[in-house]
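Labels run A, B, C and D following the written order; every chain starts at residue 1.
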Amino acid sequence: MRERVVVRIESGDFDPGAEFRLLCERTAGAGGIGSFVGIVRGEAGGRAITAMTLEHYPAMTERAVRAIAEEAQRRWGLLGATVVHRVGRLVPGEQIVLVMAAAAHREPALAATSFLIDWLKTKAPFWKKEHFADGTAAWVAAQAADEAAAARWR
Amino acid sequence: MRERVVVRIESGDFDPGAEFRLLCERTAGAGGIGSFVGIVRGEAGGRAITAMTLEHYPAMTERAVRAIAEEAQRRWGLLGATVVHRVGRLVPGEQIVLVMAAAAHREPALAATSFLIDWLKTKAPFWKKEHFADGTAAWVAAQAADEAAAARWR
Amino acid sequence: MRLLYFAWLRERLGRAEEEIALPSSVRTVGELMTWLGKREVPGGALFGESGVIRAAVNQELVGPETRLREGDEVAFFPPMTGG
Amino acid sequence: MRLLYFAWLRERLGRAEEEIALPSSVRTVGELMTWLGKREVPGGALFGESGVIRAAVNQELVGPETRLREGDEVAFFPPMTGG
C-alpha cells in the first residue's frame, strides 16, 4: 500500500522537483497537484536578516505535522500529500517548507495546499528566530493574520 | 532585466522541477512560490478516457495567456510568474498545464496561483476534446463551476 | 473579411475558416452573428443561439457591440475549456 | 514530572527542561501554570500572563482544563510560528 501522507522534518535542503515526481508516482488518477514552497526572506520589517533559526519540539513535531496532513487528506479526499519542513539555521534564499496536495480536481488540491501551510504556521511546534545584520536577534511574533488564516479552516 | 512573466504554449511535456528552479533564479526576495500542475485523468463522468485533444487558437493563445499572467502580476505584485500550457494530443497521466507564482508572502503567491488556473480555464482560447475507450469523442462542456470560480476574481 | 472557427463550432460548420464579403448592413460582431445565423449552411443556426458562441476580433475577446473594420480577423468559438 | 520549554520561554526561564515533584493540589495544566507562575524564578511570571503560553501533554496540544497524570511529559511554549 502506498503512503497517502509523507512527512519529513529535517535540517537539510529538499528538492521540490524530486518531491513532485515522488508524489505523482504514488497518486495515480490525480487531476491536479497544488504546492507551496516557503523561502527565507532577506528582510523583516525593513531590517536586513542574515539568518533564521527554526527551533522545534523533536518528540512532537513529526506527529503534529502528520496529523495536519492527515486532516487535509480526510477533508479534501486527497490522493496524496507531502510536507517537508526544515529546522535549524537557514540563510536568506534557502527553502524552509514544502507542502504538496494531489487530488482528482484542482479545487481540493489548491484548498488543501492553503490549509496545510496555514495550519503548519499556527498548529505545529516550530518557532522562528530572526538574526539581524546588526548582530541582534528576535523571536518572530505570532501574527494575528496567520491565526485568522488558520481559523478559516475550522 | 529579468522577465517577470514567462509564458509558453507547446505540444511537448514540461518539467515542473526545472520550471521551479528557473522561477527561483529570476525572483530574488521571494518568500513563497505557489504552483499548480494539471494532469489528464483517465475517466470523465464515469467513462474511461484514452486520450484528450487540446485545440487552441494559435495566433491568439500566447497573447491571451500572457495577458492573464500579467494581470496576476499586477494584482498581487508578483515577483514572477510562469505559465506553461500544452496543446495537441495527451493521454491520461500526462501533464497539461503548469502555473507558478512567486511573491514576497504566501497569501499573494497562493491567491495568484488559484487566479491563474481559474482564468486559464475560462478566458484563454483552449478547447478540450475527450476520446473515450469505446471510440467516441466529445468536446468538454464549459462548467458553470469554472465560470463561478473565475468570477470570484472580478 | 477572414473568419475562423474552433472546436465544435468548426466541426459543425465543416470548415476551420472562410473569407466573406461583409454586407454593408453589418457593422458589429453581433450583427455579423445574426447575418451568419441566417445563412443556409450546416450548423449556421448555432449563431442564432444567443450567448453560446464567443467572438474575438484580431485575437482579442470582444462583445457583440464591437465594431468591425475592413481586414479584421474575426474568430468564433464555444466557451473555452482550458487549464 | 518532566517539563520542557521552547523558544523565548526557554530563554527567559534559562532552562530547556526540568524535573518537578508535582504538589498534590495541582491536578490540571492550568493549575500547573498558576503554580509555576508563583515560583520565584527568572521569567516565572510569564506563566501568569493568560493566553500567551501554550501547552502540550505527551506531545499533544491541550487546553488548561486537561488533567495531569504521574509520568506525563508537559511542554510549555509561545504561539507557534512555523511554515
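Here is the rule we use: a contact is a pair of C-beta atoms (placed from the backbone, for glycine too) under 8 Å apart; a residue touches a chain by one contact, two chains touch by 3 or more.
Because the structure is predicted, anything quoted here is derived from the model rather than measured.
Novice: Based on the averaged CA atom positions, which chain is farthest from subunit A?
Specialist: Chain C.
Novice: Go ahead and note the Å separation of the Cα centroids belonging to subunit C and subunit D.
Specialist: 72
Novice: I'd like to verify one number: the distance from the centre of subunit B to the centre of subunit C, where each centre is the average of its C-alpha atoms, in whole angstrom.
Specialist: Each chain's C-alpha centroid was found; their separation is 26 Å.
Novice: Taking each chain's centre as the mean position of its Cα atoms, how many Å separate subunit A from subunit B?
Specialist: 23
Novice: Using Cα averages as centroids, what's the distance between subunit A and subunit C in whole Å?
Specialist: 48
Novice: Which residues of subunit B are in contact with two or more other chains?
Specialist: 38, 106, 117, in rising order.
Novice: Hunt down the residues of subunit D that sit against at least two other chains at once, touch-wise.
Specialist: In subunit D, residues 83 touch at least two other chains, as defined above.
Novice: Once you've mapped the touching chain pairs, tell me: line, ring, star, complete or other?
Specialist: If you draw each chain as a dot and join those that touch, you get an open line.
Novice: Let me make sure I understand the interfaces: which chain pairs count as touching?
Specialist: Listed in label order, the chain pairs in contact are A-B, A-D, B-C.
Novice: Can you list the residues on subunit A that touch subunit B in the complex?
Specialist: Interface residues on subunit A, with respect to subunit B: 15-18, 20-21, 24, 28-42, 93, 104, 106-107, 109-110, 113-114, 117, 149.
Novice: Under the touch definition given earlier, write down the residues of subunit C that touch subunit B in their complex.
Specialist: For subunit C paired with subunit B, touching residues are 4, 6-8, 56, 59-61, 73, 75, 77-83.
Novice: Note which residues of subunit B are touching subunit C in the complex, please.
Specialist: 38, 54-57, 59-60, 63-64, 85, 96-97, 117-118, 120-129, 139-143, 146-147
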